[in-house]
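Common to both upcoming complexes is chain A, partnered first by chain B, then by chain C.
The block that comes next holds the complex of A and B.
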């Protein structure tokens, strides 16, 4: 502080050059960063680069004499009807899942944030609603396979209520399987949206609602013109992240339908897995994985841009 | 200078931590300074046997061979498969590996597993005692240690309730029994057919088994022969069971464990299943009255019946530096006494012809199954085929089209033949 005052009153004096930082001192931050850098390089950069290089070669891994194949693997994958079906199924699966996650999550979050229910009631519902999030995917798959078995609980209840006459083959019917696995994914994933949106709702200042009420806004208009605009950043972030995460869903599909029946639930993840671990076609599996990476990067681009705007 | 030294020390310390963090333990076993060799043995057997039983067998081996240590890498079947597929790809297979016959061709083609014929010669081992060997190009790459057969499991109560006196021995009798069980009431069906494509071994165990039971083959001179009359007859028979409504619903995504569960709970009267599941079924439903029988054959068939089987096979990594020690472990597991002991605790049949499993403490059904096994012959044509799981899956998809009325049997078999021909060169 004294020196600052002095500099204001005294005649301008040329500041001495800052002490020259030694090379070692400049490298110290990188030394601290090196564990993270090494881990990222070993666990992410190298595998990604290897997969990209595999995608341009033929006979990779299984034979020592792999050869450069140009874009042949990409052509093969992009003209494979099974891949195109998987792409279409994945698009339906992730878009329906994300929209449903958002709607359900918002509805439950608003219910848990309402002043109309007592604290105890809201605490009970908070526990009930978050339950699906506590199960691992393996448990979720087993539970729903049992529930949806043709001789399972769901059919029993529906039959007892007179809604169906005979057991419905939920996961084994080619016309229903995709919608059923999407439903299971919605059930298992909405709590994350709900918790995030609840945090967003609790952060909206009460003043805004009071001001809107004074202006004569009814509950619908308050929702449309106060709640939604305030939640917009959270909704956008969650939606993009959910699209990315859902596009990588593998375990749920593998453990419920395995991509069947008749490939109706084949996803990009299961397609890639089968190429690698069933057909041992690691080159085409790599090409499919790179395509998935590119599609995911498009979503990641929007996510990063949206984060910057915030 | 002091500052520079301190800075460099900091960098070195941080980098060391980073390297330590990045480096994990891995790779196969090695040799210690006292000359002791440590073998890594990856398999799924330990996970399926009663806790500690397999460790005891291995500790007996290490007691007999003090210069060899064995590190067991036991994991469930699916995890072991993934571990070995990636290990084969990166040439980092453990020294000794448990193998399924369906993987052998691909691993051998990759050069990941060693030629056991050569190791047998080098060790002066006489393979005459071996019940079977899995060979590719005349060289042995896998030795089946324990075999598990897949007979027909029949719920005797449901059969009696349906008014069927004898366990079906022919396809016609089976269809008739399945119809009667399905018509007896409730949600009970005659048969379960797991066709899930994630693990498509239902094609091997539940579909092709009908072909092998009648002495048929899906290959001719090592090439696919799916359009032959016996294969067509088999698929048409499965379709007739489906058309008759005797197959439990949900078969297109049914997994093997679902099939076992449905049989255990009395939801289906008959299944083709691994003998290894007898104890599991009895544990989960002690009151279930069931028996095992040979698979029904075509009417009038009098020849020996093929009975499907799966194996706990063993192989040696091609990249291990301790092939001789690894083969010692193989020899030990295939020796008469050890093989009999392992077969007994695994409820399987020995890979050593001279080994005699002790059925005195086992369920009488094991003895019955052993008799069936000895009267017929073990049949599994998928063993040794390249990309066998993929072959099963492509056949599975075509069969699903047939069962859903989207393809004829002829079209499905023609497409399967085309698909298989591109794999089996």
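The block that comes next holds the complex of A and C.
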């Protein structure tokens, strides 16, 4: 649930310039910012420098005397079939999740924005629709493991409807597990998209719709020519944010499949975690972690550019 | 006239059907969790499955609440999330004040760095954090977890606090300065007291992030007495693989603080959340 938001915190402040700005006065804002600066240096700058330096060394963390290893860790990671599988799985997982979040979020937001129902009805539905987002991933993993158990209620319902003949091991079948974890992620992640799109819908001026109606536009045309263009900025920035967040998903995979069966749900995050905390190969893990950071930076670059255009 | 009315009724029925179907998609898994928590363990996989159990019992809850080890997870989560919330608010108020009320060189740069912190993958940070926390003697301690959780909560809190302070008229703090007060007194005497509604929204979100955090809690603590609720749920799954009723009861108990906070502050919370994402 980490959020990524950009805002214009650098709001211009109109202050008449005092005749003499002493050194001490100029330092005042940095005084207020000093705890933040210290924390960011400790929590981000130093760790990133550390992980990059680990990635070029060998025997880090577990041993005292680490040695320079050049690009060996990167070569090892980039030629590891498990890493390449993780890269591919992550690409499928994040793109399918994001598209589905957008479609579900938009459909639900439009239904919740209807003029046909009373405010109380909509408020009740809104709470129900936000529910999946309020549970921690550990809880979501446990719920779906219960539902999708071979002897569980999902199989019972599908069997009763005649859609399956015998109990399916949803999370244990190499051909299905990736789609199943993606589905769980779709269920748990659409509400944030929905909330933002709902706020976007409520911000569309009513006279745009009235003008379109006067011109004789039917609901479909109003959706295509008023709603979608108006929501475009929100949709684009939410989509990039969602790609970034989803690529960081660790707990859901770790608590449902652990990356299995046969690496079919291995993600960049679980691969990196295993290298570090199961194999204790911290140097290899650091190389993978730096690659993940670079991939994220590419996505973040599109986000920043998109924000600038608005 | 009647056709217009009929079409309206039809449209209304259509939207309502859609809303109910979507509601089932969103709500049924949650209902099933609730229902399972009231079952006996033998009934969990009994066919045909029943949403409303006949043998309603609170045994699973009694089992969790009567167990010191499980309660410890809650205590740990309250300590960590509580401390993260207080510290984040404190640091964010100071930083938001600097951004909102001062002009200084590096303002844009520092702001850009704060925004970018939010994109850094936790999996990239967790490796050096592990090294740092062990080196500083903070492994398996509250301060180690509290400090590292702030990387998630601080950027968001600073952005929201700055946005909130920007909505307050500058005449407020000027009046304090006219009376001879400095910027420090203006912040604590005037701005903070009237910012309480905005700070509540920031605090609620901060608490939620820390309460729900999984990766750092998994990696930077080791012993059961230092584990937080999300890891506690995972441990329960490992220990009693098939005590599903207890796992569901624990999951519900573990979600209650966040659900309560959300329901109490829903409107303010959603407003604050979307203000950053939509209007930025």
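Here, the second predicted complex is superposed on the first by the 289 of 310 C-alpha atoms of A that agree within 3 Å, B and C clash if a C-alpha of one lies under 4 Å from a C-alpha of the other, contacts with A are read in each partner's own complex, and residues count from 1 in each chain.
As a convention for this text, a residue touches a chain if its C-beta (ideal position, glycine included) is under 8 Å from a C-beta of that chain, and two chains touch if they have at least 3 such contacts.
Model, not experiment: these values are computed from the prediction.
Novice: Once chain A of both complexes is superposed, is A:277 in touch with chain B (first), chain C (second), both, or neither?
Specialist: In the superposed model, A:277 contacts both chain B and chain C.
Novice: Does the superposition put A:147 against chain B (first), chain C (second), both, or neither?
Specialist: second
Novice: Touch test for A:24: chain B only (first), chain C only (second), both, or neither?
Specialist: Touch status of A:24: first partner only.
Novice: With both structures superposed, pick whichever of chain B and chain C touches the larger number of chain A residues.
Specialist: Answer, by number of touched residues of chain A: C.
Novice: For A:179, is the partner it touches chain B (first), chain C (second), both, or none of the two (neither)?
Specialist: Neither: A:179 stays clear of chain B and chain C.
Novice: Where does A:256 make contact in the superposed view: on chain B (first), on chain C (second), on both, or on neither?
Specialist: First partner only, chain B.
Novice: Please work out whether A:302 is in contact with chain B alone, chain C alone, both, or neither, and reply first, second, both or neither.
Specialist: neither
Novice: So, does A:32 touch the first partner chain B, the second partner chain C, both, or neither?
Specialist: Touch partners of A:32: chain B and chain C.
Novice: Looking at A:203, would you say it contacts chain B, chain C, both, or neither? Reply first, second, both or neither.
Specialist: Second partner only.
Novice: According to the stated criteria, A:223 is in contact with first (chain B), second (chain C), both, or neither; which is it?
Specialist: A:223 sits against neither chain B nor chain C.
Novice: Hey, what residues of chain A end up touching chain B and chain C alike?
Specialist: Overlap of chain B and chain C footprints on chain A: residues 28, 30, 32, 35-37, 39, 42, 61, 145, 149, 151, 254-255, 277, 282.
Novice: Within the complex, which stretch of chain C touches chain A?
Specialist: 8, 11-12, 15-16, 18-19, 22-23, 25-27, 29-30, 32-33, 36, 44-45, 47-49, 90-92, 94-104, 107-108, 110-111, 113-132, 134, 147-148, 150-152, 154, 156, 158-159, 162-163, 166, 170, 183, 205, 208-209, 211-212, 214-215, 218-219, 229-231, 233-234, 237, 244, 247-248, 251, 254-255, 258-259, 262-263, 266, 270, 273-274, 276-278, 280
Novice: Which of the residues in chain A end up touching chain C in this complex?
Specialist: Those in contact with chain C are residues 1-15, 26, 28-30, 32-33, 35-37, 39-40, 42-44, 46-48, 50-51, 54, 60-61, 107-108, 111-112, 114, 116-117, 125, 127-132, 134-139, 142-147, 149, 151-153, 156, 187, 191, 195-196, 199-200, 203, 234, 237-238, 241, 244, 247-248, 250-251, 254-255, 268-269, 272-273, 276-277, 282, 285-286, 289-290, 292-293, 296-297, 299-300, 303, 307.
Novice: State the interface residues of chain A toward chain B in the complex, per the touch definition above.
Specialist: Interface residues on the chain A side: 22-25, 27-28, 30-32, 34-39, 42, 61-64, 145, 149-151, 167, 169, 171-174, 177, 254-263, 270, 274, 277-280, 282.
Novice: Flag every residue of chain B that touches chain A in the complex, lowest number first.
Specialist: The touching residues are 3-8, 10-15, 17-19, 21-22, 81-82, 85, 89-90, 106, 109-111, 187, 195-199, 248-255, 258, 262, 267, 387, 389-390, 393, 397, 400-401, 404, 406.
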